[in-house]
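Structures are listed in the sections that come next.
Next come two complexes, and both contain chain A; in the first it sits with chain B, in the second with chain C.
Now for the complex of A and B:
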């Protein structure tokens, strides 16, 4: 990394300064345009609100709406390295791109459906462990005990570390010779595992890392939910002779549902779309550890199949939309939000 | 605090105005080089800009060769590409196909550069880069404290290796995760990754099977290499004296000279006893490439800078600082090279090397070889099955590039 010398500081300020200048200049032009068009020509009474919103509208259009539109357009082109500047746009090409996703390998050998199945497996394994681990720890923490604050801080720690740093650290720990996992295995007389080379163990390593990273989020959400359940319910249940399990099943779980459903939906979406963990842990680019989003990245940026990848991204979006919708419908989890 | 931030912002804006209003020729140069080479990059820029105050060259370091390739494609698409690249020859393939770099045929005197270095960037009948260094080949580097002379063939390597591999010390290390290290052995078994047409993969061949078997034997029968070893692992083991020999490229020599001093020896990778052939590492080098449609003052400034780096003086400076072979003919005959045993060893290895293919299809070959080679080295696939999958994988990948 470059040291912070006076020259570096001046260059940085120059770059920052010109960028700020352009932003201010652009905003001023936009405001004047809105003022002239709405205020002077159309004499609209909403001139001021539009002037206040125009910068945000412009930002969202450029950063969200335009890229999505560009992506959809790209899905109907043959853009790739061989057609980088001179690509063609047509319905037939779009249909071909969508067809290729299901009829040919999306990378070298792996096809779409095995990849989808692996992504669902990855999501299910991770979310189940996130939920079980988070629920268990939240229940343990939701009672009076000495040093509760310290435990809570320690348990939230993985969430506080930037994900990429945590994943890189875990990658080091799965090193065959020097990683602590194999060092421990060897010290208890077991054979070390080839985490980076074996398809099964590499996938397992990615799952272990992501489970470690995801539990704190669930724990914090569930702990918030647990603390909002009135203690009177448990007192009444105890008077009626309910066991601990019955209390958990009939009071805790139903009352946690409004909190759990959005957390699980978010968990599914994040895990399904998790890029950092399966990509970084898979140092040797094994196709057997790829999930949909990492395969999409490789198709787009390693094989430069831009048109195909745009169509692939749309298919992933639809798959995720269906999974999340089915889950919400089955659990009626967002009922409370609408009623 | 608020006041301070306001003052800083105003200052930044004023400087921005100065920057926008500036009439200098500004070039942006992307480099893929690591720390040691980056220092040389910087010193070159400083010296050039001092001598040419009207030219400013901004150096942007990309964290890896792959990132440079991906970012350059994206930036070209967005119309924000840098003016010059300092990169490897195999980028010429994808960049030429994508039509985002400029041919250099009429921009420089190409006769002053080593022919083999120029041939490495010749595609579609034109040249697409100006070589900076020549070589990039893998070679055998050894610690003279642990072994007096490098083994001449693989039989000797296995025999000596068994004696040297004891208690956490290994006879030989290399980056077992990249097929770039498999290719020399494949050449030693008389194999090639492409057919004569240069684009049809030939990975499922008896030569590839023999190469994979050889690597498997080295790990599981002779046990002279570590069970798992990536680039950094190999590098550390050799620098710490826990590995007697390493197979690594010319870019690593200066680091090993710092670590081992006069104890560093350089030799050819041992001859394959089964065939009597020398292993054939890929040769290429680092190159300047110019962005498509560069013209006017920017082109003139880029030509001046490239001519500056190609001068005999700077080429010999590279030899002194980095121990890399120059790409300019005039510098090759200098006693600095002919009388240096390390560079002599490096040049000797280059003689039996083979130019690295730069065609787009090579990407598919690399990516198809990697997982199967790893599977053989993990003892979870037979060499025969691995070779079959390499071929089908590469064919399917090449089909998808159309």
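Now for the complex of A and C:
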């Protein structure tokens, strides 16, 4: 085992510090280049903004666009552990990769469409429970009462714990004999559940964990939205004789919409892409708990089918893009983000 | 007049959403919230409980928070017998670097996006918005292969760069949203006083944006600090591990060391949670900064 010594620390700092210095140096050089080319030769009136952006343009090209392009290229190869350097790149191979996604099991048994269906189910179940739980708690908290601050702080705990710790702790608590979930079930006279072995209950365990993790975010966002609604609206509705439900339906919900829509979009994207929860809770590599993202990880790093996984990642991204844009279209959620 | 506002306040108190809550309803609300708090907090308390268990009783069916014969042995073990401090250091160094790279590349370019209508601005913004949706997990395959090709596997630089893939576009998007809220009149006034465009940016806009810069730094820090998947593919040697990878090996499938896992978790989680609870108000305002305005 290696310990943290002064020498180790200095080496780390050297390696990372020199990289930051290179980045700053590179930024300055790029800016001078843009200044000379655009400013002196072309006399563009946009010299300054391009100078400001050039470092980011270069960085994003290298860090984002290049990997995306490389992923597209990989999707047309048969790269794997056996063909790591001697892979073939061809249209036929690409077509084969994309065809394999839909015709053969993606992992050992699970096929693409059941996986997509399960991912959508997973996203829907989680986001619905997050919304319901968050809305319920926010409404309860949105009143003058004793201990409000304490409740709020305690309820935010699941969000504040680093996710990986919470997920691994939950995994331990789903242990058949020693986890508190089954201990409590037994103590109230119910049968303990095979959380780690049964496909249905393992998926349920992942859902429970993720719902527990996600409610505080929605609660805090919704509470903020509720507090920005002027009380006069409720006074007026009261005078007009509106019932509690009518007030909720016609005042609270419409006024919450600008807060809710982006929160739900984020929630959908985060849940759809949640890797830690389904992967960690699934201790026995049940393919019945996998969602698209965890299946992608396994196809790439357990089955080492890199070319295939690259094609698979592209298909997943298109699925996510369609789902998110349908939702955004439906709700006009991002109006105004563009100006 | 004064009397009227007072009366208004009184009526506000009675007509506020808590008005007319009968004592019974109030009891129900408090009970519901207490149950919810218990559900939210109990799993976290359990981690403390496991970390205090003496070595021979790590597995127990007791539900008590403070176990009998509580011992600090697990803490001693991870600090002196495991490379836990080294993992923390690795995480800290890589994470800070990532957060700085995000700021260096984003602070000026976001300003360009906010103030100029240059050619390519629209597609640029659309691209940035789209990259928000591509989670790093979608790019693990090309990032891994490229890291192997460029010999960045098992290096701090490689991991810091891999985190920058998502942190740079995100930082630009958030900062652009914040710059948009700073009135242009400020710059015009400075211009009249004879300041150059860049002088205005560095002397007026940047200082005004300190809260947004802090939020971006904190977000990028948190994102990289809590990441597991990227570290998993980039780091293979145990002495290079970041803490999430480290504690995962404690709670892994083959050699479960719940005591070490729990103690390490507590040592990591306590400062993170303190920071989080302290800054949660800003974090939330920052999160919606880029997406909703006004």
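Methods note: the second predicted complex is superposed on the first by the 278 of 339 C-alpha atoms of A that agree within 3 Å, B and C clash if a C-alpha of one lies under 4 Å from a C-alpha of the other, contacts with A are read in each partner's own complex, and residues count from 1 in each chain.
Note that in this section a contact is a pair of C-beta atoms (placed from the backbone, for glycine too) under 8 Å apart; a residue touches a chain by one contact, two chains touch by 3 or more.
Computed from a predicted model, the values in this text were never measured in an experiment.
Engineer: By residue count, which of the two partners contacts chain A more extensively, chain B or chain C?
Structural biologist: C
Engineer: After lining up the shared chain so the two structures overlap, which partner does A:177 touch, if you call chain B first and chain C second: first, second, both or neither?
Structural biologist: Once the two structures are laid over each other on A, A:177 reaches both partners.
Engineer: Which holds for A:120: it touches chain B only (first), chain C only (second), both, or neither?
Structural biologist: In the superposed model, A:120 contacts neither chain B nor chain C.
Engineer: Could you say whether A:319 touches chain B, chain C, both of them, or neither, answering first, second, both or neither?
Structural biologist: It touches nothing on chain B or chain C.
Engineer: After superposition on the shared chain, which partner residues are touched by A:197: those of chain B (first), chain C (second), both, or neither?
Structural biologist: A:197 sits against chain B, while chain C stays out of touch.
Engineer: In the superposed arrangement, does A:16 touch chain B (first), chain C (second), both or neither?
Structural biologist: In the superposed model, A:16 contacts both chain B and chain C.
Engineer: Under the stated touch criterion, which partner chain does A:301 make contact with: chain B (first), chain C (second), both, or neither?
Structural biologist: In the superposition, A:301 contacts both chain B and chain C.
Engineer: Should A:109 be classified as contacting the first partner (chain B), the second (chain C), both, or neither?
Structural biologist: In the superposed model, A:109 contacts chain B only, not chain C.
Engineer: May I ask you to decide whether A:286 touches chain B, chain C, both, or neither, giving the answer as first, second, both or neither?
Structural biologist: first
Engineer: Kindly classify A:89 by the partners it touches after superposition: chain B alone (first), chain C alone (second), both, or neither?
Structural biologist: It touches nothing on chain B or chain C.
Engineer: Which positions of chain A sit in both the chain B and the chain C interface?
Structural biologist: Overlap of chain B and chain C footprints on chain A: residues 13, 15-16, 19-20, 24, 177-178, 283, 301.
Engineer: Per the contact definition, I'd like the list of chain A residues that touch chain C in the complex.
Structural biologist: Touch residues, chain A against chain C: 1-4, 8-9, 12-13, 15-16, 19-20, 23-24, 27, 46, 48-50, 52-53, 55-57, 59-60, 63-64, 66-68, 70-71, 74, 79, 137, 140-145, 147, 151, 153-166, 168-173, 177-178, 180, 183-184, 187, 212, 216, 220-221, 224, 231, 234-235, 238, 258-259, 262, 265-266, 269, 273, 275-276, 280, 283, 293, 296-297, 300-301, 306, 309-310, 313, 316-317, 320-321, 324, 334, 336-339.
Engineer: Can you list the residues on chain C that touch chain A in the complex?
Structural biologist: 12-13, 15-18, 21, 26, 29-30, 32-33, 36-37, 39-44, 46-47, 50, 59-61, 63, 81-83, 85-86, 89-90, 93-94, 97, 100-101, 104-106, 108-109, 111-113, 115-116, 118-119, 122, 125, 129-135, 137-146, 155-157, 160-161, 164-165, 168-169, 172, 177, 180, 197-198, 225-226, 228-229, 232-233, 238-239, 244, 247-248, 251, 253, 256, 258, 261-262, 265, 268-269, 272-273, 276-277, 280, 284, 287-288, 290-294
Engineer: So in the complex, which bits of chain A are touching chain B?
Structural biologist: Going by the criterion above, the answer is residues 10, 13-21, 24, 80-82, 84-85, 104-105, 107-109, 175-178, 192, 194, 196-199, 283-287, 301-305, 308.
Engineer: Contact residues on chain B for chain A in the complex?
Structural biologist: 8-9, 11-20, 66, 70, 73, 76-77, 94, 97-100, 177, 226-230, 233, 360, 363-364, 367-368, 370-371, 374-375, 377-378, 380, 389, 392-394, 396-397, 399-402
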